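Structures follow.
The same subunit A turns up in both complexes below, where it pairs with subunit B and then with subunit C.
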Partner chain A sequence: MSRFGFVGKRLLQTVPLLVVMLFVVYALVRVAPGDPAQTLLGLHATPARVAHLDKELGVDKPLLKGYLSYAWGALHGDLGNSVKAQQPVATIISNRLGVSVWLLAGAMLLSLLGAIPLALLAALRQGRSADHGIRMVSVLGLTIPTFWLGLVLVSFFALPTGLFPVSGFGQGVVGHLHSIFLPALTLAIGIAPIQIRALRLSLIGVLDSDFIATVRAMGLRERRVLMRHVLPNAVSASLTLLAAQLGVILFGEVIVENTFALPGIGQAMVQAIIQRDYPVVQGLTLAAALLVVGMNLLADVLQVALDPRVELR
Partner chain B sequence: MDGVSFEVRGGECFGLAGESGAGKSLTLRAVIGLLPPSTSLARGTVLLRGEPYHARSRAQRMGMVFQEPKTSLNPLMRAGEMIREGLRVHGVRGAHAKRSAIALLQEVGIEDPELRLRSFPHQLSGGQRQRVAIAMALAAEPAVLLCDEPTTALDVPVQERILQLLDRLRIERGLAIVFVSHDLAVIGRIAQRIGVMYAGRILECGPATEVLARPCHPYTERLLASLPRIDAGMPARGILGEPPSPGRWPSGCRFHPRCAHAKPDCSQAPYVLMDCGPDRQSACIYWRELELTAQRECA
Partner chain C sequence: MSAQGLQSGILGLMSREEREQPRQAGAGSLKLRTGVGIVALFALAALLAPLLSPYAPDSQDLLHTLTGPSAQHLLGTDVVGRDVLSRVIYATRTDLPVAAAAVLIPATAGSLIGLVAGYFGRLTDTALMRTADLILAFPVYVLVLALIAVIGPGVGAIILAASVVDWVIYARLVRSEVLRVKSLDYITAARASGLPHRRILFRHVLPNVIHQPVIYMMSDMVLLILALSSLSFLGIGVSSPTAEWGRMIAEAEPFLRLHPWLILPPGLAIVTVGIGFALIADALADRYRT
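Then we have the complex of A and B:
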């Protein structure tokens, strides 16, 4: 199988996943206790309004039929309308998805910028004080709760210094970067420890391998040995882990988007849940799930680009 | 490991023999200054063309070829890229590097070199990988080629061809080779001089033909006896007992618990390599008396 065939296969493999995902998202509303429309409209709503909303939410149909029509709509970009905001759910998502993707990418980038050099240092100084120090600091990073760290950064850093905005997404690329920096940092500190551990381990493995001894013996500069031979091998071994972390970041986004008042899907999600705006909850869950699937696919493509052996798997 | 000392001249192959765990590979790693982090500090000097060798120096280069062809090449790099890494150490780049890479692949006997430049390690057979590894090592124009059991993982016919290749490179390029193997037969094939290692020490060294025909040390004799002899149709005799593990070496002559000729004072014997013939040394304090035994055994 060609290497692009591999990506195609992965793409096809996601189809059943998407079908199941969509079902779960749809069933969310159906299994929620009580009649969704009744809950939304309150106890004093007229039966006619309840029936009307039931129809809109699709809960008047049998489960499978309702699912099929929801799936059909989703395929065409129609995820229903928000009950509270009088807006199509698709519009809400497309307005907010960008913010979350920026934050996601920012968090990943920042964490790797920290994790790669630290893991490299730990691996090169294996068993010595630098290694232990880095391990201790990363355990610390792992134990700090995201919401707490976010609040601390807002109240002890952003607010007193005024260097960073504490709400909104800013204008233009610079504005965006400016406003996502602290939230991304918050997320990055949460995920970097795992990256450091995994990278350190695979770096130690690679550093110990025969071909590294070979290129060192033949007089290659240490910088080049690390950049060209050690790092690519270690990173490609850790790609799967990085992809798996995206789910963790996404979960963290719900928290930091609220702490930093960033108008992303995480913030919309909390709002929608509080307001029991079921169509929006459904749509946002779907968007988040799609994001994770898409990012995993991206990791696969990267893996193929980086590692020539992938076609054999 | 202590007191290990040997010398290899240009155009000569020095074979280091011994059971696994004797410290052969460690010796090679120590030579290139790449001891694993777990080993306690090693001291020693390596002289290259009479000058002290500094590990990882760009002016003094050594080539390494390892046992396992699966791990001796960077799995993410094409053969051509790997060879260019060696070439760039002495400033050969660009189109010139490509020509040199093709020439090197040809020299190590890779068929269709232009095509193979683009191959990744997993697309090559074990023998081809070892050839590419050798080409890569040669690309850096090393003064010495260090080979750590480079043929052990290969099939016998492939093994033979790699040995022939190394032999040819030694003669044509005047290359100095250090060849480590547990297999005395392989060592006998390729090396002009050999050293027999046991428990971190060299017990005997000298010209290959001499040492193999007339061992001056009981351990060499046992190693020779353990070789499978097809002609005699005799089953291989193993060496009695397990080799000692590093850090728990026996006192005196470290071979004494397993030596068939051991006498009471062997466990106090100091480690000294004594001349026992032209260009030959043995660490056995009784080599003079035992030479006869060894001869009879071999005859």
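Then we have the complex of A and C:
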């Protein structure tokens, strides 16, 4: 199959997935116990207001009809209106997306900066104490709750030294970077252990492979072997892994944004859950699902584009 | 997420290359003993909480709030004068059973589904795998959050949401093992001798595949304890007067500046019990997969 055909096929495969995802998100409000509008407005709401909100939420229609109109709206960027904030859900997302993307990008970057050298070191010193130490630390890293790590960094580092702000998003690019650093570091420490573990294995595979033996035999200096031949493999492997981890990373975003009072999408999600603001929950769930599907698609396509050995299926 | 890659990356589940590395003799059993010891200590604390705790977990002492460690209160007191040590001990009665329920329910259901689907194959199998693919295509934790929003925050919602999502992993795990075992000679022999399917499944197949879900359950306990405490910290899990580690940390958050030590005991409890389960998972994986 040609590469172009592969990308087309992969894109087509996601269409039924998206249809079902949209349905699951729409069905959320239909499986809610009781009448969602009544739950939202409380017992003292007038029947007229309840009926109005029922209409707004689309629960007055038959299931399929309601789904189709929700899907039609979503395709046109209309995700309904927040019940509590009197704002379109799409506006809430676009207002808050920036913060979340900064955090996500920062955390991914920091986790790669930490994981790649550590994994490389562990792979080069395989079976020795550096390797064991790095593996122990990475198991430990997986058992640390992200929110707690964030608070520990705040109370024993940021507050005593005053070097970093402990909440908010700051002003301008420098302010953003300054206030995003600790949250991104917290999230990165949550991501890195899995990266280290997986990368270490794939690096051991690369270091043992024939082509590395060949370039070594050709008399290339070790430094150049690592930089030119081993490292690119590592980076491409970790990008694929990051896409696969994205679902877990997004949960980390929700936690970190709430720990550091960052006005991003994760903060809106928790508020919406507490207030039972169903349209917002639906919209954010859909956005997250789309992001994950899109990133995995992108990772697959990139891998095909970058690595000619990948089998096309 | 591409679940298999990620899951094998998370705690314990090791790939072939990792398994085939030489092990130091005895390291496995030391790991297992340490892990079991830690978990047993926590289980004991849960059972004997009233005997071990110096105070009742919710008895307030408004004259001695935020005292810091002292002879009367080994880990100090919180903002309404409750004894922190007693609350950390009592929290084992919330965190451990809730996490265990949220692991056991999907593990049992998923394993049974995987067993049946793998053994009988065909339509059951296809239906299972498509459903599994769909659930895993979602960002799993976001789906859990959405379900909690719909059901309403609380312990029940967390257990239900985790079950809806998590059974898939067990079903896939068991199914692939059943496919391997099914083709072995002794199963063919059992079938040829006319044993009923039910007996073959539970007496001959199940005992040979069950170690897989059990190993994963140990890693899953770590993930569920983390999820439960995180959700409670966010205010959408266990709600306030109940002693729960994540909730305790949330209650300590407003006093970070002056009383940072308050967040340490519950956080360290989470990390310690997590290490216990992770060690068990690791040691079992070493033992069963060589």
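Keep in mind that, in the parts below, the second predicted complex is superposed on the first by the 296 of 313 C-alpha atoms of A that agree within 3 Å, B and C clash if a C-alpha of one lies under 4 Å from a C-alpha of the other, contacts with A are read in each partner's own complex, and residues count from 1 in each chain.
To be clear about the criterion, contacts are C-beta pairs under 8 Å (C-beta built on N, C-alpha and C of every residue); 3 or more make two chains touch, one makes a residue touch a chain.
From a predicted model like this one, the values you see are computed outputs, not experimental measurements.
Three-chain overlay on subunit A, with subunit B and subunit C fitting side by side and no clash. Once the two complexes are laid over each other on the shared chain, residue contacts for A:R228 go to subunit B alone; subunit C is not touched. In the overlay built on the shared chain, the residue A:I274 is in contact with subunit C alone; subunit B does not reach it. Using the contact criterion defined above for the overlaid structures, shared-chain residue A:L220 touches subunit B, although it does not reach subunit C. More residues of subunit A are in touch with C than with the other of subunit B and subunit C. Of the two partner chains, subunit B and subunit C are each touched by A:G127. In the superposed pair of complexes, A:V154 makes contact with subunit C only, with no contact to subunit B.
In the superposition on chain A, A:I255 makes contact with subunit C only, not with subunit B.
With both structures placed on the common chain, the touch criterion links A:S236 to subunit B but leaves subunit C unconnected. Of the two partner chains placed by superposition, only subunit C is touched by A:I144; subunit B is not.
When the two structures are aligned on the shared chain, A:F211 is found in touch with subunit B, with no touch to subunit C. The superposed arrangement places subunit B and subunit C with a least CA-CA distance of 9 Å. In the three-chain superposition model, subunit A touches both subunit B and subunit C at residues 126-127.
Across the interface of their complex, subunit C is touched by residues 17, 20-21, 24-25, 28-29, 31-33, 126-127, 139-140, 142-148, 151-152, 154-156, 159, 194, 197-198, 201, 204-205, 241, 244-248, 250-251, 254-255, 258, 269-270, 272-274, 276, 278, 281-282, 284-285, 288-289, 291-293, 296 of subunit A. Subunit A contributes residues 126-127, 208-211, 213-222, 224, 228-229, 232-233, 236, 306-309, 312 to its touches with subunit B in the complex. Contacts from subunit C toward subunit A in the complex involve residues 1-2, 5-6, 9-11, 15, 17-18, 21-22, 134, 137-143, 145-153, 222, 226, 229-230, 233-236, 246, 249, 253, 256-257, 260, 263-264, 266-267, 270-271, 274-275, 278, 282. Put simply, subunit B touches subunit A in their complex at residues 29, 32, 34, 36-37, 55-66, 68, 71-78, 85-86, 89, 120, 122, 133, 136-137, 139-140, 142, 146.
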